[in-house]
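The next part holds the structures, each set out as C-alpha cells.
In the two complexes that follow, chain A is the common piece, with chain B as its partner first and chain C second.
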Partner chain A sequence: MSSGDSYLSKRAGGMLIAPLFVLLLVFFVYPLLLTVWQSVYENGFTTRPYEELLTSTLFAKVLRTTFDISFTATMVSLFVGYPVALHLSRQPPGRRVFYLMLVMLPFWTSILVKSFALTVLLGHAGIVNQILGYLSGDTLHVTMVFNRFGAIVGMINYLLPFMILSILGSLLAQDPNLARAAQVMGAGAFRIFRKITLPLSMPGVIGGVIINFTLSIGMYITPALLGGRKDMMVANLVDFYTRQTLDWPLAAAIAVVLLVISGVLVALLGRVRGGSGTMGAMA
Partner chain B sequence: MTGRKLSRRLSFGALFVPVVAWMCYLFLLLPSTIVFPISFGNTKEMEFPPSEWSLDLYRQFFNDSAWWGAMTQSLFIATVTTVFTAVLSVPAVYALQRARLPMSSALTHFTMGPLLVPVIVLALGLYLQWAPWGGLDRNLTLVLSHTMLATPFMMISVGASLRHVDPALENAALIMGASKVRIFFRVVLPQLKSGIAAGSLFAFLISLDEVIVAYFVTGPETETLPVKMYSAIRWEVSPVIAAVSTLLTVVSMALAVALMMLERKQRSE
Partner chain C sequence: MTTELAEKSVAADTGSMMIEVHRLTKQYGDFRALDTVDLSIRKGEFVTLLGPSGSGKSTLLNLISGMTSPTSGRVVINGVDATDMPTNKRGLGMVFQNYALMPHMTVFENIAFPLQVRGMKKAEIETRVAEVLKLIQLENVANRRPRALSGGQQQRISLARCIVYNPSIILMDEPLGALDKKLREDMQLEIKRLHAELGVTMLYVTHDQDEALTMSDRIVLMRNGRIEQQGSPETLYFKPDTVFSADFIGSSNLFQGRLEGEGDTVTLTAGKDRLAVELRSEAAVGPGDEAVVLIRPENLHIADGAIPEGTNVVTATLLDTVVLGGVVRHFLRTEDGRQLVAQVLNRSDRARPKRGAPVQLYWQVGESRLLKADPTFSKQ
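Showing the complex of A and B:
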C-alpha cells in the first residue's frame, strides 16, 4: 500500500499507539532514567557512588567473578551447543520439530524449577553423587552445588537453547548444494565441515556468544540458588546494596555499569546480525 | 587422504554429533522432568527415586493457604497481564504497520526495548520509582511491570501475523462503506487471531514465571508463586517445593506445546 491511500490517518494511528507508549514511558524509560539519576544525584550532583565502586575490592571481585563465570558458561555452551545445532540441522524437517521440542520445553520451564531440580540432582545425595559413589565404592563424593561449578552448570542449562537456536539459524540458511558440490569434488566430511559449514555458520556462532554473554552477566536467580555465597555476581550485588545496606545510589551505579556493558554487547549484536536477529533468537 | 582414514573420520564425526546432541537433550530435559517423580515422594526428605510413593506433598501444598494463595495470585496477575498486553499492543502494531507514522521503524524498535535491558536493572529502576510513592506491594504496579516485560513478545507475534494480512481486504471494506472501527474489529482482528493467541501465551508464561521484578516490587500482600518459591528454595528447602515445581512445569509445558502448535499452524497458513 502506498503512503497516499492509507485509510488510517496519522492522528488515528497516534491515538492507537499512545496508550502503549505511555506505559513504556512510565514503566520502562522512567525507571531507567531514574536509576541513572540516582547514581549521580544525592542532595546535589556527586560522583561518590562511582568513586566508591572504583576503590571497592568487593565490586572488583564481583565483577571479575561475573566475567569469569559468564565467559566459562558461554564457551561451554558454544562447544556443546554447536554439535547439537549440527545434529538438528541434519534432521528431516518432521523429526527436527520433535528434537526442537526437546530443546524448547525446558526453555519454557521456570528457571526456579530448573535451579531447584539441579540442587537436588547435583546435591550431596543427588543422582550424580549416587552414581559416583556406586562406581567408586562409596569413596568419591563431589560437592557440585553452592559453589562456582553449580552456578556454571545451572547457567549453561539456561543458556544452551539460545546458543543452539542462534547457530541452527545460520546452519539452516546454508545452501546444501555447496556441501554436495564439495563432496562430488572429493572433499571429506571433516574438510567440508571445516571449509564450508563452519565458516558459513560464524554469524550464528558470534551472535550466540554475544547473546549468551549478555544474558550471563545479568543473571540473578541461578547464581543465587546454585552458586556459593562467595561467588556473588553483579546482579546479586545490586540486590545486596538495595535491600541489605540500603545504599540505593551505589546499587544504581552498579546497575548503570551493567546497563552500559550490556548496551555495548547489544549494539555489537545488532551489527553482527541486523536488528531482527536478537528477537528471532528469543522467540 | 586414504580411504581408511576418511571412513574413520567419517564414523567419528557421524557418532560424535548425535552422542553429544543426545547427552545435551538429556541435560536440558532432566531438571524439568526430575521434579515429577520427586513430587510423589514423602514429606520428610527429597529423594530420587522416592523410597515410598504418595500424594502427601500435594496435600501439603493444597492445605497450606500461603502456597495456595500465592498460586491463585500468580494466575490472577498473569491473566490480567495478558489482557493488558494484548489490549495495548494490538492497536499499536496495527497503527505502526498501517498508519504511516513518522519514524515508525524507530518506534517499533523502541517497543523491543524491554527485551534488551537486563531484568535486574529494570527491577531496581521500578523499585526506586515506586518505593517512595507507596507503589510497592500493589497489584497494579506488578501487572503494569509485567505488561512492560511481555510487550515485545506480543508485538513480535501480532506484528508477524499482521504482515500476512492483505491490506486490499481493508480497502475493499472501506470502499463498501464500512467505518474504520468496524474494519478493525470485523476485518483485521479476526485475521490476527493466531498471532494474538501466540502473543497471549507468551505474555501469560512470562508473567507466571517471572521472579526478579516481582521479587523487587511485591510484598506480603501481593507475593506471587515464583517469589514465594525463590525464598523457599533459598531459606528452607522443603520437599513441598517439588510439588509446586511440578504444578508450575505442567502449566508451562502445556502452554509451550500450545505455542509451538500455533507457530506451526501459522507457518503452514
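Showing the complex of A and C:
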C-alpha cells in the first residue's frame, strides 16, 4: 500500500523516469511555454492577437469548419468502428489478436504515404473511379479527393483504430454471463444488444468520441493533402499565419486556443475513464 | 434398433419428466467432455450434478441450457425435443456463480427484465416484482444497484429474477461458490425452502459433496464425462457402488486386497490384515478377485474393553484427534502405513485415547461394504 511496499524506492523510481522527464522538458514543455509567451508578448505584454481572433471572421469560419469536419469524421468513425469492435469482441482471443493487427495497420504507415495512396485510390483517374466508369459506361465519375469527402476519408483512416480500441475495451470488460443470463431469460439478440451490451459500452463510446474529436481538431497534413481549398482547418490556419503573413503572435494565439480546447476535452476524457474504471471494478 | 425403442418408450412417459437427456455426447477435439449420458429429471425434483472439475457436470448443464450444442444425442425439455432450440426459447431459469446481475440496472429493473421480455404490462410487472422481493425478504432494495448489495443479497436477487417468471426448470451453476461458509449454509436452506414452496424443478451443479448431500432429492455423481452413480443422498453415502463414489462422498476407510474363501462371507487380505466381508452380487466380485472393502468412519470403533462378536479387528496407532463440535475424529495409522479415520460423537464425560497410543479398531462385518477394485482410481 505505502511506497515502502514497492521494491523500487521513490528515489530509484525517479531516476528511471529522469531521462524522459528531461527530454519532455526541453523538447515539449519549453516550446509550449514559448508559444504561450509569444502569443502575449510583442515588445511588451499584449492581448492584441487574442482581440484580433475574437473579431476575425476568418478565424470564426475556420473554427466552425474545423468543428464541422471533426464532428462528421468522429461520427462516421463511431458508426463504422462500433460494428468492428463488436465483431472483434466476439472472436476467440487468437483470431482477435490477428484482426487487431489489421486494425492497427494504418497506424504503422506514414500519414503522407497513406494520403497519397488515397489520392491514387479515390482521385479522378483513381481505381474507384475507373471501376465506376467501367460499370456505368463512362458516365459516372465521383470527385472524392480535394474536397470534404476526401478529407474525412483520410481522417477516418487515422481515427478508426482509436475508436475501435476504446469501444473494444468496454465490450471486453463486460461479463459474458450477462448476455447468457439474458438469453436464458428469453431475450433475443437485438434486445440483449440494446438493453445490455450497448449501455454497458457507453464509457468506451464516449471515450472514443472524445479522443477522435480531440485528434480531429488538431489535424493538419491530411486535410491539407486531401481536403479542398474551402476546408481550411485551424492547424492549417496556424501554418498560414506562420509562413504566409509571418504574424507569429497571432499563430501562437490560435495554437493556444486549440490547446485549451483539446485540454478541456482531455480533462473530460479523464472523467469518463475514471467512471468506466470504477464500473469495471464493480462488475 | 435399441435407440429407436428407447426413444419410443421415452415419448410414452414424458408426462412426468421435466428434462430427459438421451445418449448425450460433447466432444472438444480429442477430449470427450460428456460421454453418452442418459438422465431423466422428474417434475419438481431437486437434482444435483456432483463431481470434480472436468467431470462433465457443467458441460451437461450448458447442453441443457442450450449455450453449447451436443456432438450427438438429444435433449428433451418438458416433453419437447429441444436439442436444436435456441437458449432463449427453452423457457429455463438460470442462476450463475457470479450472480450475472446487470450492473447498469436497479434491482427492480433486473427482476423486471424477464417480465419485459415476455411483454407483460407495467402494472403487473410492478406487482410481480414486489411479490418476489417479499418472498426473498429483500423488499427495501428495489431501487438500489446490485453492486451496493452484499454477495448473499445479490445471489438472492438473482434467484428472484429467476423465479419471477415461473420457469419450469431452474438451472444453478455453483450458485453459492462465491459465498463464505455461514452464508452458504443459510442460502442452502433458503434455496431448499423456495424449492419446497414453489415446487419448481431444480438442476444444481456443485463440486461440494456436503452441499449435494444437504439439498438434493437425488445426486448424480459424475466422473470423466459419465455418470458414475445416481441416487438419493442416503444411497450414495451408505451404498456407494464404486470406489470413486465411496471416496468422493463422505470420508472413507478403504482396504484393498484379494478375496479368498467360500460362501457368503469371504476373506479379504490387505497387507497383514485378514478381513471378513459379506459378498454382494451387485459388486460383481468373487473369490480370487481384487476387491475393496469400505468402512465409513462412524462405523469404525476404537476398542474400549471387550470387542464384540462378528467384527474385524485391526491394530493402529492414534496420530491425531480433531474435535469438530458435536463429533470427534480420530486419525490413525496401521502398522503397514494405512491411514484410517474413526468418528465418534463428542461426549464430555468420555476419556479420549492418548496420541501415539496403540489402539484396537473394530467394525461389524455387516457395516462394511464390498466394492470392485478400480485400477484407474487411487486414493493416494
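One rule holds in what follows: the second predicted complex is superposed on the first by the 251 of 283 C-alpha atoms of A that agree within 3 Å, B and C clash if a C-alpha of one lies under 4 Å from a C-alpha of the other, contacts with A are read in each partner's own complex, and residues count from 1 in each chain.
Keep this in mind: a residue touches a chain if its C-beta (ideal position, glycine included) is under 8 Å from a C-beta of that chain, and two chains touch if they have at least 3 such contacts.
Since this is a predicted model, take the numbers as computed values, not measurements.
By the touch criterion defined above, A:178 lies against chain C but remains apart from chain B after alignment on the C-alpha atoms of chain A. In the superposition on chain A, contact is made by A:188 with both chain B and chain C. After superposition on the shared chain, chain A has more residues touched by B, the comparison being chain B against chain C. When the two structures are aligned on the shared chain, A:221 is found in touch with chain B, with no touch to chain C.
In the superposition on chain A, contact of A:268 is made with neither chain B nor chain C.
In the superposition on chain A, A:132 makes contact with neither chain B nor chain C. Applying the stated contact rule after C-alpha superposition, one finds that A:198 touches neither chain B nor chain C. Where the contact sets of chain A with chain B and with chain C meet, they give residues 188, 279, 282-283. Residue ranges of chain A in contact with chain B, taken from their complex: 1, 3, 5-10, 12-14, 16-17, 19-21, 23-24, 26-28, 30-32, 34-35, 38, 80-81, 83-84, 86-88, 90, 97, 99, 101-121, 125-127, 157, 160-161, 188-190, 193, 214, 217-218, 220-221, 224-225, 234-235, 238-239, 242, 248, 251-252, 255, 258-259, 262-263, 266, 275, 278-279, 282-283. Chain contact summary for the complex, chain B toward chain A: residues 1, 6, 9-10, 13-14, 16-18, 20-21, 24-25, 27-32, 34-35, 38, 46-48, 88-89, 91-92, 94-96, 98-102, 107, 109-122, 124-129, 144-145, 147-148, 151-153, 156-157, 167, 170-171, 174, 180, 183, 202, 205, 208-209, 211-212, 216, 226, 229-230, 233-234, 237, 241-242, 245, 248-249, 252-253, 255-257, 259-260, 264. Across the interface of their complex, chain C is touched by residues 175, 177-178, 180-188, 191, 195-196, 199-200, 279, 282-283 of chain A.
Every residue of chain C that touches chain A in the complex is listed here, in rising order: 65, 67, 86-94, 96, 98, 100, 102-104, 113-114, 117-118, 147, 161, 165, 171.
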